[in-house]
Structure formats: C-alpha cells, structure tokens
C-alpha cells in the first residue's frame, strides 16, 4: 500500500534532507517516535502518510505560485490576463481535495477503531493524576504507589550539572510486562492531567471524578519516558512518567517483590495515603434477587 | 439622496432629503430572525443540557442587536423636506410626519457649507437667517451635501433677484 | 439612482441573505436534536445516572449466554482522609441479572466527615446501560470519627448493552462535602 | 452669494480637540485609529510576555521566572493577543474601511461604536492588573479549564469580569458592522458586489453574535461554581469538568475563524491589486467563507480528542474537521490563480500577502494533520499544536494585519511609507517568525508538552533556536512602529489611488480621505 511505502521513506529528498542530516549529526529528534506498541506504529505510518500528502500538495501549490511569481512579474513585462472565473476549475479543486480526504480518512478510521478497542486486556492499571505526581494501582495485584520526579532541585535551579534524563526521571517507575495487552484507566484527584508516553502512541486525559481507558501492548523491553500533557498548575512541567517494560518473568519477580514489601510494611504503620484497593481475593458473586 | 421638485414659473421648489438605505424593513426583520433562531437555538440547547446561564446572555445580546437594527432602520426612514415657497423657507424633519419644523425668512437666508478644520470630519450644511440656523442633510454623504448646497443656493438666488 | 434598481437590489439582497440564512435557520432547528445526538455520540454524560432505577422499570431477559466483566475502581479526590476501596475488584456478570457488591470506606480522622461518591463508567457507550437500583452514591454519606462503612451497590447491565462491550469499569470518586449532613 | 459659503468652524460646536476628541469620538476614522493604536500597544505588551516565555525557555532549567509566573505569562499572552491585539485590530480595519468600501458616510451606530472601543482599555487594564493581585493573575491557560482555573487567587472574578467586558465590546462592534453593511451600502452596491473584506467581516460578525453568549455563559458558570456553590463543572455536585471544554470550544472554534476570516478578506483585496488582475472566483470565495463559518460550529470536539469521547464522537469530529480543508483549499487555490498570469510587483503589502498564503497554508497542513484523530493523540497539547496555531495566527492573522497596515497606510495618512524600511521589516519578520515557530513542529513531534517552563535536555537545541527567532521577530516589530510613526509625520505625498492596480471605492477618495466620504460620486458597476 502507498501509505506503507511512503511511511518507509525515512530519507526525504531535497531541502528536508539537510535537516535530516543535521538531526543525525546533532542527534536531534525531528520526527514523531515510531514507538514500541502496535498502535504506535500505525499512528506513525498514518502521520507519515498525511505528512507526505501535505508535502506533495504543498510542492504543487507553492510550485505553481513561485512559477507565477517568477514569470508573471511586471518587471519581466508580463501583461495581466483578464480571466477571473472558471466553474470547471472550481469544481475540480473542490472534488479532488475531497477525494484526497477520503483517502486519508480510511486508514485514520481504521487506526482509531483499533485504538479504542480496549477489550480483553491481560492486566489493568489505574493511573491517577495528582498535583503534581502520578499514582499507579495494579488492580489485580493490589500494588499501588506514587511516582514523583526524582531530579534534584539543584539541577533545576542550575546549581548542578543536569544529567541525561533531566526532568524525565522518577522515584518509582511504572513497571509493565511486554507482550501483554495492558489496559490503562486514567483519572485524577484534583485537576485535569493527561497521561502521555510518546512511545506508546497516545495520551489520555485524567479527569477528576471520571474514568478513561486506553490500552498498550509493548513489544520490546526498555525504559519509556513521558510527561503530563495537560496544564495542571505550577509544577505541570515536573510530573514525568517513566514506564519500564520488562520481560514477563522479570515482571513477575518485580510483582512478587512489591507484594512482599507491602506485607512487610502493612504490619508496622498507618495505611498512608488514601489510595488503596482491597486485596485481590475474589469475593463470591452475589445475586441480589 | 436628494429629490428636487421645482416649478420654474412659481419660484417654488421642494427638496426631499433621505438617507441612503440598502436594506428594507422586511430584510432587517429576516436577518434578525435568522440570527435569533441560531442564537436562541444554541442557548436553548445548552439550557436543556443544564447550562442555563447562556440563555440570559443570548437574550441580552439579541435585545441589543434588535435595538441596534431598529435604531438604524428608523434612522434610514428619517426624512427632511425643505420647501422654498414665496418668501419663506420651511424645513420639516420627521419619519412618518414632520416632527420638527422651522420657518425661515427667505430674504436673508444664506446657505453655508461649513468644513471642519480637521481631516476625517464631515462638513455641515446650514441654512442661516436672522441669526438662526438650521442644519440639514446630516445623513447625506459629502458629495450629495455639496450638490445640495449648490442647488439650494441656486434656488434662493432668483427670489433675491426678484425682490430687488 | 432610480427606485426600481434599489428595490431590485434589495430583493436580490434578500434572496441572497435568505440563501445564507436558510441553512443557518435549519441548523437552528437542528441544534437541540443535534445536541442530543452529539451528546449520545460523544457520551458527554459519561456518567451513569445519579438516580436509582426502579426494579419495575427494568426490562429484558437475563442473557445467560453472554458474560461481561465488570471492574470496580475507587478514588478519593484531593487526598481526602478516607480509605476507600471496592470489596471485589472484578465480577463476571450476565446482562439482565442483578448483582450486589459493596465498597468499603473508612474515615481516617478523628472528626466527623461527609462524603459524596460520584460514579463514572467507561467505556462511555456502556454508561446508559449500567443500571443501579441501590447505591451509596445516591446520597451523601456521613461518617463518624474513624467509622468504617460497608456501602452496597445493586446493579445490573441492561441486556441491550452493545455487543462489542466486554469490559465495563465502574469508578467511584469520593469527594469531601464541606458542610451539613446527608 | 452665488455659491454656498465655505467657512471654517470656529465656534462651540466644533469637534473637540485633544484628549476629548478621542474620548468622545464617534467618527469611524477616529474610532478605527483608536482600535488600531490600541491593538498595536496590546500586540507589544503581549509580545513582551512572549519574550519572557522565550527567555525562560532559551535553556533548560529555571533562570528568570517561577513556574507559576511562567503559567501566568502563557495565559496572559494568549488573552492579550487574542482579545487585545488581533480582534481589535480587525475591528479597527472594519471601522476604517467598511464605510469607505461600501460608500457609506459613517458607521451605522457611531455612539455605540465609541462605547465598544472605550470598554476595551478598561477591560485590559483590569486584566493586566490581576498580575499584581494576591495569588497572581490567571495561570490556568487562556482556555480557563476548570477545576484548575478555580485555583486562581483573588484575581479570578476580575479575570471573568474583563472577559465579559471584552465580549460586550466585540458584540457591539459586530452589531455595528452588521447594521452598517446591511443598511448603508451605496446605491448599486449589491451584496455580491461588496469587496471580499466586507463580506468576510459580515460573516465574522454573524459568527461573533452567534457564539459570544456561549463564552459569557461559560465564564459566568465558572464564577458561580467558585463563589455561589453551583456545580456546573464540579463532579462532586453532579457536574462535569469536561462540559466546560465542550462549551468553551463551541465558542472557541468559531472564535478561531473570527480571527482568520477578516484576514482572508484582507489578502483577497491585496493580491488582485499587485497582480493587476481581478480576484479569481469571487463568488466561490464568498461561498467558501460562508461554509467555513458554518462548519466552525460543528468541529469543536477536535480540540479535545483526548478527553475520552466514544468512537462515534471522535469519528464525527474528525470527518467534520477534515472537510474544512476543502473550502480553505478553494481559497488558497483562488489566490494562486489570481497571481497566475498577472503582472506582479512586490511592494511590502504584497510580500506580506504572499508570505501569508505560504505560511498560512503550512498552518493549514498541520491543522489537517491535527484533525486526524489517532495522530492527534500524539500531537495534542504538544509544541506541534503551538507551532500550528502560531502559523495560523501570527503568520496568518498578524501578517495579514501587517499587509493591511502597509496597504492602507498611505490612504489613511496621505503619506507613502518608507518602502525600503518596509521591506527590511518584512524580511526580518518572515525570517524571525520561521526560526521561531518552525522548530516547534519538531519539538512537538519529539514529545515536548506545551506550557512547561522547563524541559528535558533533548529539546534544548530547538528551544534555543526558537528563542533566537522570537527575539528577531519581536524586535523587528519596533521597526514597524517606527515606520508607522514616520509615515504619519512625514513622507512622500500619496496619490489617491496609491497603488497602480488598486480597485474599489476607497481608492477614489483622496489620501487621506478628508471628509466622511466621496469627492466624486461612487459608481458601482
């Protein structure tokens, strides 16, 4: 399909090539990340398709315009023509863009349907936005913890050199398994936030009192970073997200260690912040009547 | 626009002055109701959803628009009639009937076109007689006012000549 | 300028105005139904009803052939001093059948508290099919100091729940209510 | 006494002088000038705020301002630019030009015209004064989303009041424009003979009147939610914070077109002049404008794809938004066809108009990309969006205003501006603005969220570049101020027609237009 063909053209011609080589030299990121989930690849392809269609239209329109600017200028002795209407032309340039739009709408619709299909998840994690931190609850495991920025204030205030993951590092990252369909529920406890990890391909608003859902199936292990994407007050820029995708065995080990730590701490103290779930013991289903 | 009716032999003439209007009363109404329906449609829709504070604002705004259109429409129907008759000049102003009128002696009447010393401001056309002056043709555009001034001056002259 | 030109021009003006006004006019009429369509499309009210459904009102047979997963989620707004959690995290339900579950809340302070739980259902299209005949969210809940409550919900999924919905999440957010009791 | 006596008025009913002249102004040219001067001042104030933002973002880390003040700057910059600079500037153009273009002696409601202007300085004094209040100015973004905006300190009611005042001013301006265009066209000036600038303003005014009550109602509900215990947007009381976003964008999307449709009108006046060829497809331009206006009512959801709408809603808003590309495309094609086989010269207004066509189209392309819902999940609330709407509003609306200023300045002042300085201003602006906003596309795609005072190291290079562009663009506007002042005070005498290819009633007037209207009879063919 043309879309895929276009999407594979990583090295565009002409002027953009310069920027690309610049980006290679300076390790600048110029484009949307391809991401690590099935949906993010589709979105990347869609993004590239539309980008190239826009570039093509732009070359056509601006080309015509520059041709006209160059050859139909008074200083070249151009004499103005008198035409100022053409129904045929008007119809053509109404219908052709319409067709191009339909061509774009088809893959967009397909991707969107895919994106919204949250059925049959393997595990569900609830993400709650706070001013200004995130909290994660693994519904089935009963694990829950807060995740806050771990960049020291000295770095922010330019009193210490900034390290590689400046502002994109947290104390407790979200740990997830690869190859599993993860359903992410988002909500917030005060104002609206938005949970966004570019590598997963989407963002979803976290709205107080309401719950939203979306999903990700991460293909390869790694550390993926993101940020809050909805203005949420003074420290909006300081509530990053770090997702650590582990192989399934490593993930299991992590879950076990977390649970062990939880039982250890339960005996000691008061329950801490109010964000806890009942232990995951399945209660009998009771019919009301 | 200026409408001139002149009787060459009787030395009588009438100038009927009206502002230019490009929208009829019916047109104004239609326009107003098209906006009213849109605006109240939106406001009622939101009210049904429970967001009623939009409604009073829409109402106030429609009221303001209605008043605005009404005032302009009325102003467009304003009319001034200058009748030069024998040795008097009668100036009547009104919409359906003459609400204001003045009578000036023709003998000492002068037509004065005052130009403002500063750019951007309109000229004023005054008919002066015995220290009284009446402004006419406020709503005309500059070229019409200029033409009216010339016509008025011309109409007043024969009387002057006749009496001397 | 002559009179007929003006009136002709006026008439033409009117016709043109009408041409523009007509779709607007139509749109004006369409606004209210359009809104309801758009609301249902967009799930503007992504919440389930705040009002109980009378048992007599509900219709439809129990559909034993179909199973839908219902998940329960509890949140506390602005870190209010509550411990709040569902008793069970997940249930497999048949549409049409009534189920009872409960949420546990505990006042963590030594002072009386009043809270209001606000429900939210995702996915949005499932929300109108989620019927509750009994719910602690229908009224404010008063808590004595350190009181712990077991608050029941009796619900069912309408048998007409769209077939593509396999998981429904019911989320409650507990808001602290400033004054008065329930 | 053979001709009417011409005298100069000296007695008490002479138009007032000094400050009172401006306070009591009812003349459309005075009011137009007031609007334009006011918007230029606001443009510079809003620009200073932008430069504060860009200074903070020049390097990672916090250097100059606190995050809270940074948020106040982004919020105020938007409010000042949208309601203080762009909208009043277009209203100013409308006041100056519409009566001249349609052959009317003045605006239809001169006294209301005076009020609608004089509300604005008070509204903005109030708005800017909130920066000095306890808790600072509004910091929740110009979109005023609850619940965040409800955390604003003492400034909150003042912000709402100033938004109301801006709304009242806009509505009065719109009523005036509508009444003038409908009632006061010269004989023979039928609707389909009106210059496109007049057409686009008529449609803009219609939009304004349709949506302004929605904004007024929306912000009033915020106020009652905060102070009177209602819960329209408060989930605890049965409200829904997302509904505010629906209401805001139901106003906000038409508002976007309110800021760009008159720009389309301006460009449609300028390109034919310098191409010496009539506008291609006049009637399709009118219909395209009307359909853009109509579509603007049904696409608001594309600003909020990420709030969790059901699939059907996302599809509806995606398709409706994509369709807007069609009439917008028609406009761009028509402009290009107008240039085609013309006889072009490139004076400063034409340069700005050509830059508008190119850069606005780039903004349109990124708009189309943003319309694609699945991709929007990546773009939403990133610098890609910032780049998009600045291409549309700065290189779109503001460039069209610059073009308009150069185009009509000789008519207004009677003096030609300095062409050489004008060209320098153009090139500085166009280079600066692209260095400023083009890298922001890359920042957004690479994952930098909007409205953050500090950012990860990977974004450093482009942010530095962007800030440099901001300073080039920002300071080059001082050159514009200098050019305008110089033109008013001196300069070569402008002819009546000013531009060789200029057509339209306003060019039959002398420069400056000495009186209300025409020295030669307007004849419309």
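Each chain carries a letter (A, B, C and D) given by its place in the written order, and its residues are counted from 1.
Keep this in mind: a contact is a pair of C-beta atoms (placed from the backbone, for glycine too) under 8 Å apart; a residue touches a chain by one contact, two chains touch by 3 or more.
All values reported here derive from a predicted model rather than from experimental measurement.
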Quiz item: Which chain lies at the heart of the structure, taking centres as C-alpha averages?
Solution: D
Quiz item: With chain centres set to the mean of the C-alpha atoms, which chain is at the far end from chain A?
Solution: B
Quiz prompt | CA centroid of chain A to CA centroid of chain C, Å | solution = 27
Quiz item: How far is the middle of chain B from the middle of chain C, if each middle is the mean of its Cα atoms, in Å?
Solution: 59
Practice problem: Could you please state the distance in Å, as a whole number, between where the Cα atoms of chain A are centred and where those of chain D are centred? | Solution: 32
Self-check item: chain A and chain B: spacing of chain centres that average the CA atoms, whole Å
Solution: 64
Practice problem: Spell out, as numbers or ranges, the residues of chain C touching 2 or more other chains. | Solution: 1, 6, 9, 13, 17, 20, 24, 27, 44, 46-47, 77, 118, 122-123, 173, 175
Exercise. Can you tell me which residues of chain D touch two or more of the remaining chains?
Key: 187, 235-236, 240, 242-243, 308, 310
Practice problem: Could you tell me which residues belong to chain B and also touch two or more other chains? | Solution: 1, 22-23, 27, 31, 38, 42, 46, 49
Self-check item: Residues of chain C touching chain A in the complex
Solution: 46-47, 71, 73-93, 97-101, 104, 108, 118, 120-123, 133, 154, 164-167, 169, 171, 173, 175
Quiz item: Within the complex, which stretch of chain A touches chain C?
Solution: 116, 118-121, 124, 126, 128, 130, 139-140, 183, 185, 187, 189-190, 208-213, 270-271, 273-278, 280, 282-283, 285-289
Quiz item: Where on chain C is chain D touching in the complex?
Solution: 1, 5-6, 9, 12-13, 16-17, 20, 23-24, 27, 38, 41-47, 50, 77, 116, 118, 122-125, 173, 175, 177
Self-check item: Touching residues (chain side chain D, partner chain A) in the complex
Solution: 60-63, 66-68, 71, 139-141, 145, 147-148, 151, 235-236, 240-242, 275-284, 304, 306-308, 310-311, 314-315, 318-319, 322-323, 325-326, 329-330, 332-333, 336-346, 354, 357-358, 361-362, 365, 368-369, 372-375, 377-378, 380-382, 442, 445-447, 449-458, 461-462
Exercise. Sort out for me which residues of chain D touch chain C in the complex.
Key: 187-188, 190-192, 235-238, 240, 242-243, 246, 290, 294, 297, 301, 308-310, 312-313, 316
